[in-house]
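The structures considered in this document are given below.
In what comes next, chain A is part of two complexes: it sits with chain B in the first one and with chain C in the second one.
Right, the complex of A and B next:
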């Protein structure tokens, strides 16, 4: 009887998430322009992707992005959260400041960085250039375009991790930290042996979510460079978007979506296994 | 309440509702989805088209709905479910072919005879809207690419507007020596600006006859004239004609640079006319516009034709007559005069005879240019813009592919090779828009 309480949410989930997901997977095996009737073509979309150099560039970029976001923001977030834990006064104020970029709409953030910071005409970059520094707009060079976008997203994202880790750190039993302090343990050793093991489940969860979200990244890339210049900052989701809405090749876009989901599934599988192991301990 | 009062009251309410209902049903609704327009422009559409049309046709009620830049995606979904508007406003002929093939659009040939469109509209544009021999769409604006330049700056340096490719390169080199950017340009806000330059070289250097043959599949895109065209464009890039900040500037910033004299010329489209009065007078400069010069052996200047957007009628429309009448009104001389006086560049309907139209927008250069363009089209001296005549995936690859050539990540041969392969694939799928015979 109590299982009936699941029905409303399950219904919404099935209709809005499950069925469209199934349709997308099915569409990956068809050729469709979004207007006329779909035509079944088997694995041709996947074969086309395998032979498409833009697909491999996009996949590599997603992997680079994952690498960047699994290290830098997590490190920054942990450091800041630990400092907030130690310096209790002002922790509320700093939390708000760090979290602020997260609340602002991504479209606005992207335009602010593009026009007020990176622009060689109207931005800080331009000011530096006029003062004589040989700075460049990172979004215009193929070698730095993805890093430029990652910088904007890092600035936007790390505050969120900081707040999450701070909340987790506040759950650590005070006695353990007191004991470490009394024993004269250094700051770094406290972090390594007391704090990080204590919040390890939170850190693992954030790392798994980072992997999943790194393969979904879209807004900043699309608004800042649309995957350019010359495909250098292309990611899987911008490739899918362009295939579906500009090339009128919805089947190919669905195939890219399936690839994105596969990576997400692998990450989720790892997480559930880690969770189950911990549960049994 | 007494029973009798109740019955009388409800009957009265029903009767009055029925009367109001029938009064409303007198005027048949026509729904029109538009893209984006700022509040001032929405006012122009209301006073320039909707209100006069509704006044002239009291039995029709035209209403407009602003859907924003996602209009084409919403349109696709709406037409698939049969719930679209009566007037289907698409972003160009590329979208018309698949919609017509799927039976989502109404064939307009009866209306052509009824309203006499064959006499009033330039024939080449009627041809562009056809699919399988039947007319499905009429272009709302047509645009072309040419060369804007800062006349005041030119006079100061004793330069003359170029008439050949050699002259334009000499001018550009002279400008570089003076630390002036030769071609004001920027694609930061609209990456597809890249295809403006590809269109220019394909038409001015390879020639419209060759482009026509390639579009019909008679010659490949890897043929020698196209190699020469792309190599020339690449050489202009490598020499620095496009300035150091191409990827950082928006087109508006680039236009402003030309008006202030930091840049000398701007190869771009006639849609930039709407910016002339904003930027040139405050900088005490005068704007000039000429057709882009063409190479030896090509009868120029060639005006590449672009269609900004098209009008069609939905096949499931319940008021097809009303929709067609509204479209006919938009193509009237009166609407042309009114709309182009307040909003130049967006309502340039392809009327064959502009002599009787009165346009007063403080931009005599615009009026002259449009007349020259209409005459050139009438004389078959037109070319092909990539965004109007190429199928979608080919066009989309072109935008990124040329960046690869510019940045040295790909050669001209590789670029044209992939362009050709994509084009042939889409041609086989029937995605190439209608190409009118020359």
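Right, the complex of A and C next:
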């Protein structure tokens, strides 16, 4: 009888995610405009991607993105979490504020940064320019567009990691820290040899999630630059979206989606393995 | 949870700690402060100096934003969509979480790993066939169809979170009810559900937040001006209809304010749910 309890969740999941996912994999081998009958073309979509400069830019950007998010926010989150552990008083308050950007819609945060900070007309950037500082709007320069977007996402994201790391740090057995302190070990060494190893599983899990999420990044890129200027900040997810809905090259979009998923799949395998430990308890 | 051990006795270290934490605080709040400040200013003054205190308070920014973003319609759409999603996710996920936590079926492991896998599936992997399929069935601009998509995307997260709540219930409680002659449905609805109701509330809050803020699905599936959500309407307002940043920030504040108020009131629930859901799986 309990089998029936699973039916609603699984039915919705299979119809919305599983079957369309299989169809996407199949579509990657077809030429399709979304309306007429799909034409089987074998590996041509993938060959076209291989020769497409924009595809390589997008893939490189995703890898740069992964690199940035595997280091900077994790370092910032760890540093702030450690400082919260030292400070104790007010840690809850700091925590709540750091978390705040996570609950605001990405579409809104993107517009706030675009109009109030980056914009040479209405933003802080423009004010600095009028005061004579040689600042530029990073979103309009091919060399800095991706970094400009990453700044917004970093600002919005690091507090989440800080909260997670702080929660993990507080679970470290008190005796371990006490022992280190009694032995006269410096704070940074305590961090290095006691605290970080103790929360290493959490750090690893967050790194795996970072890899997965880095290949899914869409909202900030789509809203801030649409992948521009001149495709310089294109990522795989925006490339797929544009191919499907603007160029009506659904087969090509499906092929890009398959590439995204391949990267995600490796990380997902690690993710499930990490999570599986908990289920065996 | 509480550390009685002092990590650092040094006064300078403590001052430095608070200094760094405060800098992070200022960086986090700066864009949000600009959002609030400039929502009250005339466009001309924003262009002059986005950091300045309002010379005149333009409360009509809000009324114009409400008109131009058609919030009386789009807010209602968002509320309906969010409420439908919350109901769907909470009902279906609590059923599934119960069965998986209590290992009521032999294949609980496969189902759990399948759901874990779909939490990391890129939206692009199923978006395109789903869109063209829904278009064929006339389900574009249908809020219930979008609520189903949200349910598919968010319910694995909800199942994993609720699962931990079910795990915390002592088995004896369930057995006692069975001995008293309760059937499996009565055990679930009369005994288990009331106990996990705090967990369901947490899930409802977080799923509500995600649906309220969601951009990619909403902008793709709800394009008609009578069906779009507040976020999509804000996106169009800020992108096409106006360059009055006072009005745009006012529209942003209208969407953000209810979320922030809820977050401040129920911070612990939000943080533990969002952080716990992704760490504990």
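Quick note on the criterion: the second predicted complex is superposed on the first by the 255 of 281 C-alpha atoms of A that agree within 3 Å, B and C clash if a C-alpha of one lies under 4 Å from a C-alpha of the other, contacts with A are read in each partner's own complex, and residues count from 1 in each chain.
In the analysis below, a contact is a pair of C-beta atoms (placed from the backbone, for glycine too) under 8 Å apart; a residue touches a chain by one contact, two chains touch by 3 or more.
Since we're looking at a predicted model, the values are computed, not measured.
Participant: Clash or fit: chain B against chain C, after overlaying the two structures on chain A?
Facilitator: Taken together on chain A, chain C would clash with chain B, as the superposition shows.
Participant: Quick check on the superposed pair: does A:273 touch chain B, chain C, both, or neither? Answer first, second, both or neither.
Facilitator: A:273: touches no partner chain.
Participant: Thinking of the overlay built on chain A, is A:187 touched by chain B (first), by chain C (second), by both, or by neither?
Facilitator: Second partner only.
Participant: Who touches more of chain A, chain B or chain C?
Facilitator: C
Participant: Kindly classify A:140 by the partners it touches after superposition: chain B alone (first), chain C alone (second), both, or neither?
Facilitator: Once the two structures are laid over each other on A, A:140 reaches chain B alone.
Participant: What is the contact status of A:121 with respect to chain B (first) and chain C (second): first, second, both, or neither?
Facilitator: Touch partners of A:121: chain B and chain C.
Participant: Once the shared chain is lined up, is A:36 touching chain B (first), chain C (second), both, or neither of them?
Facilitator: After superposing on A, A:36 lies in contact with chain B but is clear of chain C.
Participant: Is A:228 contacted by the first partner chain B, the second partner chain C, both or neither?
Facilitator: first
Participant: Considering only touches as defined above, state whether A:24 meets chain B (first), chain C (second), both or neither.
Facilitator: In the superposition, A:24 contacts chain C only.
Participant: Go through the superposed model and pick first if A:245 touches only chain B, second if only chain C, both, or neither.
Facilitator: both
Participant: Can you tell which stretch of chain C collides with chain B among 25-33, 151-159 or 223-231?
Facilitator: 223-231
Participant: Same chain A residues contacting chain B and chain C, which ones?
Facilitator: Correct list for chain A: 34, 121-122, 245.
Participant: Okay, in this complex, where on chain C does chain A touch?
Facilitator: Spelled out, the residues of chain C in touch with chain A are 1, 3-8, 13-14, 17-18, 20-21, 24-25, 27-29, 31-32, 34-35, 38, 43, 46-47, 49-51, 88, 91-93, 95-96, 98-99, 104-105, 109, 111-113, 115-118, 120-133, 135, 148-149, 151-153, 155-156, 159, 184, 188, 209, 212-213, 215-216, 220, 231, 234-235, 238, 245, 248-249, 252, 255-256, 259-260, 263-264, 267, 270-271, 274-275, 278-281.
Participant: In their shared complex, at which residues does chain A touch chain B?
Facilitator: 33-37, 114, 118-122, 137, 139-140, 142, 226-231, 242, 245-249
Participant: Where on chain A is chain C touching in the complex?
Facilitator: The contact residues of chain A facing chain C are 1-3, 5-6, 8-10, 12-13, 15-21, 23-24, 27, 34, 76, 79-80, 83-88, 90, 94-109, 111-113, 115-117, 121-124, 126-127, 155, 159-160, 163-164, 167-168, 170, 174, 177-178, 181, 187, 190, 202, 205, 209, 212, 215-216, 218-219, 222-223, 236-237, 240-241, 244-245, 250, 253-254, 256-258, 260-261, 264, 267-268, 271-272, 275-276, 278-279.
Participant: What residues on chain B touch chain A, complex-wise?
Facilitator: Against chain A, chain B makes touches at 73, 76, 79-80, 98-99, 101-102, 104, 188, 191, 244-249, 253, 392-393, 396, 400, 403-404, 406-407, 409-410, 429, 431.
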